[in-house]
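The chains carry the letters A, B, C and D, assigned in the order they are written, with residues numbered from 1 in each.
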Amino acid sequence: MIKVGIIGSTGYAGQELVRILLQHKEAEILMFGSQSYKDKKYYEAYRNMFKLVDNVCSDGSVEELAKEVDVIFTATPNGYCSSIINEDILSRTKVIDLSADFRIKDIDNYKEWYGIEHRSFSYVNEAVYGLPEINRELIKTARLIANPGCYPTCSILTLAPLLKENIIDKDSVIIDAKSGTSGAGRGAKVDNLYCEVNESMKAYGVGTHRHIPEIEQELAKAAGIPMYINFTPHLVPMNRGILVTAYASLNKAMTEEEVRDIYEAYYKNENFVRILPKGIFPETRWVEGSNYLDINIKIDPRTNKVIMIGAIDNLVKGAAGQAVQNMNIMFGLEENAGLNLIPLFP
Amino acid sequence: MIKVGIIGSTGYAGQELVRILLQHKEAEILMFGSQSYKDKKYYEAYRNMFKLVDNVCSDGSVEELAKEVDVIFTATPNGYCSSIINEDILSRTKVIDLSADFRIKDIDNYKEWYGIEHRSFSYVNEAVYGLPEINRELIKTARLIANPGCYPTCSILTLAPLLKENIIDKDSVIIDAKSGTSGAGRGAKVDNLYCEVNESMKAYGVGTHRHIPEIEQELAKAAGIPMYINFTPHLVPMNRGILVTAYASLNKAMTEEEVRDIYEAYYKNENFVRILPKGIFPETRWVEGSNYLDINIKIDPRTNKVIMIGAIDNLVKGAAGQAVQNMNIMFGLEENAGLNLIPLFP
Amino acid sequence: MIKVGIIGSTGYAGQELVRILLQHKEAEILMFGSQSYKDKKYYEAYRNMFKLVDNVCSDGSVEELAKEVDVIFTATPNGYCSSIINEDILSRTKVIDLSADFRIKDIDNYKEWYGIEHRSFSYVNEAVYGLPEINRELIKTARLIANPGCYPTCSILTLAPLLKENIIDKDSVIIDAKSGTSGAGRGAKVDNLYCEVNESMKAYGVGTHRHIPEIEQELAKAAGIPMYINFTPHLVPMNRGILVTAYASLNKAMTEEEVRDIYEAYYKNENFVRILPKGIFPETRWVEGSNYLDINIKIDPRTNKVIMIGAIDNLVKGAAGQAVQNMNIMFGLEENAGLNLIPLFP
Amino acid sequence: MIKVGIIGSTGYAGQELVRILLQHKEAEILMFGSQSYKDKKYYEAYRNMFKLVDNVCSDGSVEELAKEVDVIFTATPNGYCSSIINEDILSRTKVIDLSADFRIKDIDNYKEWYGIEHRSFSYVNEAVYGLPEINRELIKTARLIANPGCYPTCSILTLAPLLKENIIDKDSVIIDAKSGTSGAGRGAKVDNLYCEVNESMKAYGVGTHRHIPEIEQELAKAAGIPMYINFTPHLVPMNRGILVTAYASLNKAMTEEEVRDIYEAYYKNENFVRILPKGIFPETRWVEGSNYLDINIKIDPRTNKVIMIGAIDNLVKGAAGQAVQNMNIMFGLEENAGLNLIPLFP
């Protein structure tokens, strides 16, 4: 039984970790970390957990926690994990960080986009970018996982096969992404009030969203050369779900079948990636609550472009589900242990 | 392994049965019945099931099905199950009917409220009303289960303890119920279009809803005398969930603690009923996707009334989850087998 | 041209006042009061007003404002208006207060329910409860209007005719009310975040909501004797709208036509009350954005109860629209000036 | 007073025409055309209109109608208007067609995208594409207006200035559009049920949407050369609103100020186009219920692209509002007569 501590268990991603791990036969949560609900029952933060979790939230020292658990998930604001990580902790426990602290390998890039001085940059190189479909082997032996962002997970996996196979023009990539509102977190902000989000659609962070360098870094690995992309996120009046609609120019004329074959081959052994049948495009409702990524593509011969569409649940494959997938790999479990979550509809 | 056939597997309740049974370790769905999707892959009706269900929908004879499966779920329009049931079928297989056909024990009552001539009334008496918290012993040996309606499940379990203990005035009961839109089914009707339901709230079936005789029949059993209630359902712009707000006059002054103690005692061995702590009232979001019923009450000393509030997921405890709970009991499994569903939030 | 100042113009009710007054041919807003947006352009708070309102928000003295305008609307938190009102102000300008400060005539009642010491109780008796359908004559000459709450407006007008005509048992009244989320205001609270409200339904303030004494006070006037009611508000995942479903026992058997005739007679000269045809019940979507109150009733002969249903837009007839209706009456304008707002659907 | 007949008055666009024209001081609706509600009161289709419209819907001959009214609006399925138009009708009355029948000037293009044989192609050349900001002069004297589609209105006006000024690469244009569900009409289809649309986001008509040739035709006029674009529409769980996020490569490096100046100049005399201040991007909530188009742009120097964002209410500027704007121009009224609609929020 893997002993788990969650720092930041009362944010949306933290709660989703709790939901998934409660259903995981080989993991047990020992510590529900929270500053805002310290010394309160966990179910006071999330009443769905009444009678399911009787634990009290705590805000104790990471050092002590590292002695007691096999893995720590940090579902905390950017800057937290990098401020506490050290050799002592990593020698005792594994760490899966759901924040951005260890995702960006270039320190200048990190500083530029996040505006935070990194406090443990020496561990950035050790940290493995936890996208199992791409980095599975490295994850197996990692001590520290940089769990990918929600937009990057969906964007990278939707685009990587065609970049890797040099099918599309690397300078032509445009990613138009749409996210449910849980991606904005549980902080009390006017912009995220029901009446402000409901019945509206908007772009935000236009040209400046912090997931841009993360997407570019990983797509560059797939492409083999530096990448600069356009990425525009949008806020959708729904709780969960990310839809990525990506556009690129084809390097040469190809049929839809040829392109879909590339995806099928690339993901043929993957549990959590579903390449949809021709003509059926991803919709976020069909992955809600599950760890699936649905993908399909369309060739537009009139403009010689390929439209690539991917959908995930931002809290599952985009955060907590992927974190558990990483945990499973790190501990030698079946990769889908606790993750056979059937999408909930309607 | 229990072999299952589902007639009407492509309605919302049918699909929820599929979702739950796929996670059930001791059940296997052999037949996905559907008229509208006959000969089509099941995932064409519900694309969340892509790669999870590869079966083709069929519309075969019930007689043949009865030979092959241990239990048939009928998630069909009212009138269907009563038209096909017979001794031959019941001698071969168990039947759990999610329609209203076998719920109403008084044939005149059935005819009056449903406007349908009952075609197998001789089985109405045999059929057990499948509310495990009340009829568990009868369910164990039943061949035919009348699976309760969504509103009745929530209403009856929220009110029964106080009626049974004679705490409330039987003539004073008012039930104001609110339901998500999945309760209206997947039929293509203008009234259920997104733009018609969204951003609105309405009462419907005022004084005439078909769940009235069902609620009255079962509450009368709890009370020991005939019951006539006011029941007003409302449509809420959300997918899932039923909230029941019930009102009744207290027969004598009581404290909230005394009344809550009655509930605690009544449901103390129940897996799926949660009596909430004082001052915390049920909200549908906290039970979504799960088989829970959350209950709490409030005494209003100014008017000597008790307000009883209950919340369920209409598709789970109000339909498919309860049907599986009944199956578990009928087959001697753990009652919560396949039903440890953690509420999905947000 | 009536010169208007709005204190608290950047809350939801304040903004609705702006929307309505901009379309009012005989009123002009001179002052957009706001603490939180002081010295900022009004459209920074509400970008729908870009190019429509070029004014800067101010937070100046009420005394100065009283010299410049003919009427001040206070759409402010409870306790504010009572803290600033005095003879000097009322001698110079009329005041329409959208808060609860001057609604409750019994000072003990106010203290008990609001927990605030009233700082200008001498004006409570002078203040007219601004429900034009009931107090039109008093409003004409009032200096200070206590603009009714949203739930009270809908509840009182839905129930008053039958109480006044002694048709229903005064001890049997139950009001189950449902409100859109704009009623909760624009404050940044976790409970009002999109993901917390969306896809859920809950009761709140059960037995303790501050609109109870207001409803009771006004219904008592209609009934001619003290009233104690059950009132349970619910939060609905929609922006606007209040639906009131009220229940009461009939004092004697009556037909639906007879009861509807009472409503028709009571409201026959009213512009903003629509008694719907038999069998058609109010839905909030049909009044959204307008000053209408829709009403219909149903007799349930099985329980000898009448179900009374009313629907308004909480921000219009439940707040800003009614405030403008009061202004029109106070200044001798056509009562519907600026209020011929057609409900926006879908 | 302009006498108006509306054929197809019970669809969403037809009802929006009714809402707007009821507030128009110089127009009067004589005929509420409808097949599905023939001989029924108009408010039976839209109960918001109870007490506002007492007319009965009719399904009479267009010839007779043409004798009685000054202008006919056809808010009908594609193929209808072209089947009834003739010289006799156009000699008696003006026609504003909200369908696609007269938008596409190339008959082969029409046949290819719409799959309908055009029955009055001789009038296609006469018909003026009713986008006032571009074709105002032609509209003044037109007999027959092809009222633009919702997506085209938003797309064309958002892109035209930069194409006209040759600022962007004509081969690089990508339009990612998002629409509220009212755009799908009031037909009873499973795909448009509340539970199917709610809590989801999807692309549809990928590469095949019928608005593509319309957008290309009009952008080609602005650019002066043929245009081929990528256009991907998405369905958003909200009632109203279109957001267009368009991408293109800059022909040369430019500052945001320079580009915004082009828009400011292009639309400087326009009532209904609002170029937002730097850094504030359009959101559909800020135009809901109004005839406004909000636009802003962002330069991404890293990729040398410009992101152009526009937002409209699909039923107003995208349909009925624009139709009334055309009517005003055709009849020599103030262009904003009846169209000073203030966006409704929240």
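Assume contacts are C-beta pairs under 8 Å (C-beta built on N, C-alpha and C of every residue); 3 or more make two chains touch, one makes a residue touch a chain.
This one's a predicted model, so the numbers in the text were calculated from it and none came from an experiment.
Any chain that touches chain B and also touches chain C is listed here: A, D. Of all chains, the one whose Cα centroid sits at the greatest distance from that of chain D is B.
Contact tally for B-D versus A-D: the pair with more C-beta pairs in contact is A-D. Averaged C-alpha coordinates put the centre of chain B at 46 Å from the centre of chain D. In whole angstrom, the spacing between the mean C-alpha positions of chain C and chain D is 37.
Distance from the chain A centre to the chain D centre is 39 Å, each centre being the mean of its Cα atoms. Touching two or more other chains at once are residues 12, 182, 195-196, 198-199, 237-240, 283, 285, 288, 346 of chain A. By the touch criterion stated above, chain B contacts chain D in their complex at residues 12, 181-182, 186-190, 192-199, 237-239.
Contacts from chain B toward chain A in the complex involve residues 12, 15, 19, 22-23, 46-52, 182, 199, 239-240, 274, 276, 280, 283, 285-290, 294, 340, 342-346.
Chain A meets chain D in the complex at residues 171, 174, 176, 178, 180, 195-196, 198-204, 206-207, 228-230, 232, 234, 236-241, 243, 245, 247, 281-285, 288, 298-300, 302-303, 305, 307, 309, 311, 346.
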